[in-house]
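Listed next: structures, encoded as structure tokens.
Here chain A shows up in two complexes: once beside chain B, once beside chain C.
Our next item is the complex of A and B:
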């Protein structure tokens, strides 16, 4: 069996708001194996970023609070760690890259200083050696003239270059897990293709696990081995990537796949998931997707389904689409 | 198509000056749009795609005369719009409208939906004052909102609903032509399809003509009849959607198409991944602007600007290597 690097169990992260304590992530469990890319997809507000921040213990407390659950990293529960212990994990064992590389970099330090800081802190190298290692990392992520760029400030670099710097920083201490939160959303497609290729190569070379958070189903299809679909703070479906795209079980996943325009398929009209994502403070009774689901019945409106496991997949639905006859779509 | 074009763009150029020095003289120009020509026919949707900084938004704004061009002509129904005086231009604006990308930034937060729509209607004297509210409610209905939304403020709406408001405002003047500048880029996937379907329905219902500007090739392919691909201020290829996606001729179009991630994990394909980045539009490369990143570059590409040619019926390309 593959080695589990990260195992999140029943995570619940809530926020104190004017409407009381509202769960943004509500009982989420998943795991990532060594050398695997797990994709987490969902629309804005479904809790995917809060999940990532919870794993890093970066949810601002208050207003946030991790109410329950376990985050096992190599068997140790990160939620029982002190802030001091956590600092040794962050950036060293588990690294994170964010969507907006400009706001995640410090504008008044050179990129070399910023990469070297983490290396000096975690690996105990001298400054000269750390800068040398920074140059190596910049070369690894494909930045031209790294000896020169190491002295550049973030504003001197383009968006794609900044994201490469973020990746270089994230990987500088050889983490076992890389959390990438919408790493290419702010980038153009040709630059996105470069960054995704880079992430695939580096994963192969360094054997780390990647938790890839994105709303782009195309990116997931190209990068992930397994996919978790989130909706309104809960996992609604989990499956190996090929199965999920070939035959989604949850009506939400099926709706999402049918509503994106695709380059390789000609669609007369796009499918529409009616309505919008529910407000976290005002969740519908029963299944959270029921007001938008074309197959919802009384059972769905009254009782919330559990995440059920079958054939190596999981789905949270009273009437999963898998029960259909082959070839007919419900 | 042998019809008269609704909109004809001829050799349009727009430079944004960069001022500097003691006397604020123009020291450089950002060559945002550098000599582009195309036609849009009544009832069709022309997609304009390209990466950030290629000048596609500037094209949209310049052909509506929201920003004056550096040179070139735009004809709307045969009229040279840059030659019109202010009053006539304002009259013409009724026919040409725009929907912006940012549904948050393009609505006045202090005006209710009703105020916003009636203001448009009254300024352009579309309806009498006592009819304005009724017409506003009709507009909300057309874009799929309800009459009780009329007294609400923009912050009370979701992103998708706000984009519907932007569409309602554009429709208020019964335009013939709408520039849609990245209208769904800020929306979630499930909301994006709602707005795209709405735009298509409205086109059928009111016979609208669209210039649809976007960076997402899948979205552009879905909605457009013909597509123009821009790179660094120039259109490099323009043809029907089918020809563009099945037989792209320009190396940039080919690379752009192959870079789009496809939501099918079992599809195996060769990706062309471009190296490097888009050069600066202040000092675009000599010759063909794409030559610094092109895999097929020949010596002539570095020196000669490729001509804009019709290489196949209704298929225009600017590339030396396409015959």
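Our next item is the complex of A and C:
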């Protein structure tokens, strides 16, 4: 079995609000193997970003608090680390890239200085060597004329270029895990494809694991080996990517897949999942998806299902779709 | 306000590049008032620096035979009640006023910016620091300065300290407000994700991004600090005789207003022109450095 770089177990991250302590991530478990890409999908507010921030221990405290769980990075529990130890992990062992390449770079420094700062801090290189390594990284992420660009300020670069710089910065210290939080959402489609291709290629060259957080199923299909689908702070389905797309088990996943507009099917209206994500402070009884689920029955409204494992995939549903279709239950 | 849009406009800000300096200078040049201000400031700073070489007489040399002489060829601006040359005293006063202004602003700036960075960055420190600042602001500036000087004792040094402390609140508020905006930008989050320490994030990443309004504030408060120090000296709490301080000269001139107009007019004019110069320079610099602020301040 492949080496587990990151193993998150039963993570619960809550926030203090006017309504009390509200869990944003509630008992989430997943793992990422070496060289693997795990996609985490879900609507806005389902807890994907909070999960990512929890792994980095960057949830603002207060109001946030990681209530329980374990985050094992190469076997060590990050939740037991001191802030000081954590700083050596961040950027060095686990790197993160963000959604907004336009504002993720400091406008007053050249990009070379910014990449070099991380390298000097974590690898203890001299400034000259760190700048040399920055140029190397810029070349690696496909920035033309890296010797000149290294002296450019962020405003001199386009959005796609800046995201490449962010990737270069994230990878400059050879991390084992790269957390990408919506890395392509702010970019236009052609640039998206370039950035995704770049990330895939770099993953192969450098052998890191990627935790890819996105709401875009297309990105997941292209990048990930396995997918975790989150809904209202919980994992509702986990499966290898091909299985998930061919045959989703959870009605929510099925709804998400049906919502993707298809060019070859003529349709007057786009498919939508009725309703909205429930307020975290006011969760429905039973299955959290039941008010929006076309298949919900009394059992769904009364009892919350567990995440059940079968055939190498997991689903949190009383009536998984596959069984309906195959007629094995109900 | 939408921070995203705001930073989009900030993109002209990288203060190091030559092109940026050229843009600022180009903007600055268009403003007549700013150029006049710059001229006045340069004028007063140069006469302050060159005071020992350009003043026609010894500013401290008394000559009772020459008391309260009106302006003449030998004493261009007349003499005071001890027969000292007024022009020489005003020239040396420029040196004192500039120093007082700079030192007071330095105290206010360093203190205020440090407090502002702390309050803006750490929410836990915010309430304590801002309550203190609010308390500080509850006192009228002059009353506060008088209080501090009466505790420390009247002298020029203590005037600088008093005026400096009085200016802390303004710097703290401006810095804090800017930090609150900048700390939410993604590059700060990215800096955390790169494992940077709080000190590194504050000094290397937040401070350079909040500097523009602080620079503007320096030029604007230089004028008011000079005025404040002159006011304290006028009240006898600052410069002590025989130091040729403008505010104190005005105080001495009070008794002779009817007999020797030049004695109160010229030091008063000097204070007015210097403060005016700094204020016009500050306004111009503000408009040139940050066009967004034109409509805000």
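FYI, the second predicted complex is superposed on the first by the 316 of 330 C-alpha atoms of A that agree within 3 Å, B and C clash if a C-alpha of one lies under 4 Å from a C-alpha of the other, contacts with A are read in each partner's own complex, and residues count from 1 in each chain.
Keep this in mind: contacts are C-beta pairs under 8 Å (C-beta built on N, C-alpha and C of every residue); 3 or more make two chains touch, one makes a residue touch a chain.
Keep in mind that what you see is a predicted model, and the values were worked out from it rather than measured.
When the two structures are laid over each other on chain A, do chain B and chain C clash or fit?
Fit: chain B and chain C sit side by side once superposed on chain A.
Please indicate which partner A:302 is in contact with in the superposed arrangement: first for chain B, second for chain C, both, or neither.
neither
Figure out whether A:216 sits in contact with chain B (first) or chain C (second), or with both, or with neither.
In the superposition, A:216 contacts chain B only.
On the A-aligned overlay, A:21 touches which partner chain: chain B = first, chain C = second, or both, or neither?
A:21: touches no partner chain.
A:281 in the overlay: touching chain B, chain C, both, or neither? Say first, second, both or neither.
A:281: touches no partner chain.
Check the residue A:145 against both partner chains and state whether it touches chain B (first), chain C (second), both, or neither.
Neither chain B nor chain C is touched by A:145.
Mind working out whether A:196 is in touch with chain B, chain C, both or neither, as first, second, both or neither?
The first partner, chain B, only.
Output check: A:160 vs chain B and chain C. Expected answer is one of first, second, both, neither. What do you get?
first
Quick check for you: in the superposed arrangement, does A:118 touch first (chain B), second (chain C), both or neither?
It touches chain C, and chain B stays clear.
Hey, in the superposed model, what angle do you get at chain A between chain B and chain C, Cα centres, nearest 10 degrees?
Once the structures are overlaid on A, chain A sees chain B and chain C at 80 degrees.
In the superposed arrangement, does chain B or chain C reach more residues of chain A?
B
In the overlay, answer first, second, both or neither for which of chain B and chain C A:169 touches.
In the superposition, A:169 contacts chain C only.
So if I take every C-alpha atom in chain B and every one in chain C after superposing, what is the smallest distance between them in Å?
The answer for the closest chain B-chain C C-alpha pair is 8 Å.
What part of chain A is shared between its chain B contacts and its chain C contacts?
Of chain A, no residue contacts chain B in one complex and chain C in the other.
Name, in rising order, each residue of chain A that touches chain B in their complex.
43-44, 158, 160-161, 188-194, 196-197, 215-222, 241-242, 245-246, 255-257, 259-264, 267, 269-273, 276-277
In the complex formed with chain A, which residues of chain C make contact?
4, 7-8, 10-17, 185-187, 189-197, 200, 204-205, 208-209
If you look only at chain A, which of its residues touch chain C in the complex?
On the chain A side, the touching residues are 56, 58, 86-92, 95-96, 98-100, 102-109, 117-118, 121-122, 153-155, 166, 169.
Considering only the defined contacts, which chain B positions touch chain A in the complex?
Of all residues in chain B, those touching chain A are 51-52, 158, 160, 188-194, 196-197, 200, 215, 217-219, 221-223, 245, 255-267, 271, 273-275, 277-278.
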